[in-house]
Amino acid sequence: MRKLRAPFFEIGPKNYIFGKDVLKLAETAEKAALEFDVDILFTAPFLDLRAVADQSERLFVLAPHMDVLTPGRGITKILPESVKAAGAAGVMLNHAEHPVDYRTLKAAVERAKELELLTVICADSVAEAKAVAELHPTVIIAEPSELIGTGKTSDMNYIRESTETIRQVDPDILVLQAAGVRTVEDVYRNIAAGADATGTTSGVVCADNPHKTLTDMIRTVREAFDKRTQ
Amino acid sequence: MRKLRAPFFEIGPKNYIFGKDVLKLAETAEKAALEFDVDILFTAPFLDLRAVADQSERLFVLAPHMDVLTPGRGITKILPESVKAAGAAGVMLNHAEHPVDYRTLKAAVERAKELELLTVICADSVAEAKAVAELHPTVIIAEPSELIGTGKTSDMNYIRESTETIRQVDPDILVLQAAGVRTVEDVYRNIAAGADATGTTSGVVCADNPHKTLTDMIRTVREAFDKRTQ
Amino acid sequence: MRKLRAPFFEIGPKNYIFGKDVLKLAETAEKAALEFDVDILFTAPFLDLRAVADQSERLFVLAPHMDVLTPGRGITKILPESVKAAGAAGVMLNHAEHPVDYRTLKAAVERAKELELLTVICADSVAEAKAVAELHPTVIIAEPSELIGTGKTSDMNYIRESTETIRQVDPDILVLQAAGVRTVEDVYRNIAAGADATGTTSGVVCADNPHKTLTDMIRTVREAFDKRTQ
Amino acid sequence: MRKLRAPFFEIGPKNYIFGKDVLKLAETAEKAALEFDVDILFTAPFLDLRAVADQSERLFVLAPHMDVLTPGRGITKILPESVKAAGAAGVMLNHAEHPVDYRTLKAAVERAKELELLTVICADSVAEAKAVAELHPTVIIAEPSELIGTGKTSDMNYIRESTETIRQVDPDILVLQAAGVRTVEDVYRNIAAGADATGTTSGVVCADNPHKTLTDMIRTVREAFDKRTQ
């Protein structure tokens, strides 16, 4: 698998859309990824994940969660091997809508590493960002829970402090700053502030034209990153 | 969609196998369904469900659970619309490994009916079989929890009492007697005792030759049913 | 222990108040129980339960839940033996704020009966009232979840249908009609409609004068019942 | 409230005993605390907590958990104000039998501090010990989950590494080393290794003579500490 590189963008439609609409959104993400040379984490609903992976060359498809178990019982659990076999490149863990306790999180990261799945862990406070950095995931999504879906962005203090804290623990962890991204300006601001990546759900799926918005945001990631790193 | 008819058989590999092995098992089930004219409920892991549905003409593919929500947030929830869009014919609810409270179960059945998904509810005791019969699902799987995976079958009293109780509440509900099915003899016995269907997980996936065992069990369903209804 | 008799009244302060305020409310309930010869179910917060039981002669003190376990591990679980030893007369189960699946509910009722604890099960729909009646609890609280705390009362159809349904399954089960009770008129109406009991949380704890309101409601239970049964 | 000082000992009977037996065990702990001048954290079952607090002068009584809520609904939740009002000195959080996600843990610590409750957080791995140290609780109980109740003690590497890691983050946090303590030798070893405290459940409640064992362990805490700090 290719190595995930900055700058990148995370888009996950949660359950706002399903079936064909997810596949179309993934197609748009794929095109923009190629056009602007920006890596994309596409967090797919469980039931659409394999189809997204099958049609995509360039996307890093993520499962939104996985459970800690090995093959056997657990009829409704998400088996890590099943995530891998479906074509996922990685797994998101500890989303604000599905937080997991630290022991389980640690065990899930270990299972993911065994299976060579990328690990993308969500963190809320700076304290939590530091705590999950100790697990050395591929990516940390730093996002104050109280801002998710509100259109209110993280303030610059939070962005700088959480990014620095993570890098002090492990400079190899990629940092995605996410909360409240609604516009291309929000995207620009997060990348300009030093994040490796940004992302959104509602900023795209609730936009008047989700496909155009997604493309514009991905273009902006590239522009902001190039400007910053010139 | 075709109407589900007796006799039928339920096979769900839980998380014992994943990916291609699930697809192969579904293929075997499909062939046997056609050869012996037996309907099959195939309960697929979430990540394999769509691929199973795509390759199958004859199987009734079930999701092992779904949540009660409408499109929107809930990144790790199983959206009913997503189950339908993936090609499922129905949904299993209240499995012993994922029991749900009665209010949620009632709401899930209502959502399934809106989406024209078959509802297959698991029940443990005779009291529970009666309780869930009041929700008028398509199928009730009567299976004393303490026997699941043990190879110990339900006794005749339980089979008769639970079947009769369900039919008294609603004669249109199909009754599947399941617990501890390991051999073709167990299959024969359950159908002979008056059940519309039987099924197993471990009886197939832990068998020396799962594909042959599955085929033999499906053939036996037909034989036992024909004998009983001559 | 005395046998619980109609008419009775259930009051549980949930977590609206704590410590001494719970003890004072229990004192008021005790006085009114004696004055109007009305039995009272007092559902006490876990941490206040024993103190309420210690100071009360007449109240039937209930735990708001208990878990299904026997002595051993489970540091945060509510052990049935512990409920009994603290002086509770019974246990409430399946409250809308803590629903339990049917298997667990059945097992909890069995544990309660072993320990000679009264069982008070909450039900939402008429279908659920019928389902839990099969477990033969001492009391069923019939209360459409969507009305709890709203001040909107159950309609007469629901009250009649749920009461009759429960009595058809088991005429020994006492029926408490509860939803949205805010005023003495609501209390009167529920008892007049044939319920054995009624009750409230927010109708008392959010009233301008909770103690006077509680006393008035208990007096009204007696008056409505005497009128109905003259 | 008195300040908790090293050396101290934590004993919590979980649900192994209930009612009067809990009160007797607390009495024994109280006597030993006075005799050997050792502080005791006594983690009481919810239903016995207030009675333990009422009879004890010297014990630091802990609730085994509390929820993050303010007065209102939540009939089965453990309200922080209720814990305080019942006489608890503090609260245990994140026990292996009731782990909580990091956001909830952080919020619970904040609520506890508002109410001047001691915070005693359990941690499993060294990574988790470091993570929870960032929340600056009063005490961290370092205990590899897989050893709880086994009688197998933590190895010296774990004890040293977890203790040092916590002290590097915040030297004011007291460190309790706990896993698998069964004998007075285990107690001695943990204190000698530099822990501020140790503790056990099964080592006491499953002993032939729990009261004598508890007293002996508390005496040993004093002896080991005096020896180490001479």
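A, B, C and D label the chains in the order they appear, each numbered from 1.
The rule is short, and it goes like this: a contact is a pair of C-beta atoms (placed from the backbone, for glycine too) under 8 Å apart; a residue touches a chain by one contact, two chains touch by 3 or more.
In this text the structure is predicted, and so the values were computed from the model without any measurement.
Visitor: Spelling it out: a chain qualifies if it touches subunit A and also touches subunit D; which chains qualify?
Guide: none
Visitor: What's the chain with its C-alpha centre farthest out from subunit C?
Guide: A
Visitor: Nearest whole angstrom, what separates the Cα centre of subunit B from the Cα centre of subunit D?
Guide: The answer is 47 Å.
Visitor: Based only on mean CA positions, could you tell me how far subunit B sits from subunit C in angstrom?
Guide: The mean C-alpha positions of subunit B and subunit C differ by 38 Å.
Visitor: Between subunit A and subunit B, what's the gap in Å when you average each chain's C-alpha atoms?
Guide: 36
Visitor: At which residue positions does subunit D touch at least two other chains?
Guide: none
Visitor: Which chains touch, pair by pair?
Guide: Here the touching pairs of chains are A-B, A-D, B-C, C-D.
Visitor: Inside the complex, what are the residues of subunit D that reach subunit C?
Guide: 12, 14-20, 43, 45-51, 63-65, 69, 71-79, 81-83, 85-86, 92, 95, 97-98, 149, 201
Visitor: Help me check something: in the complex, which residues belonging to subunit B touch subunit C?
Guide: Listed in rising order, the residues of subunit B that touch subunit C are 94, 96, 99-104, 106, 123-125, 127-128, 130-132, 134-135, 145.
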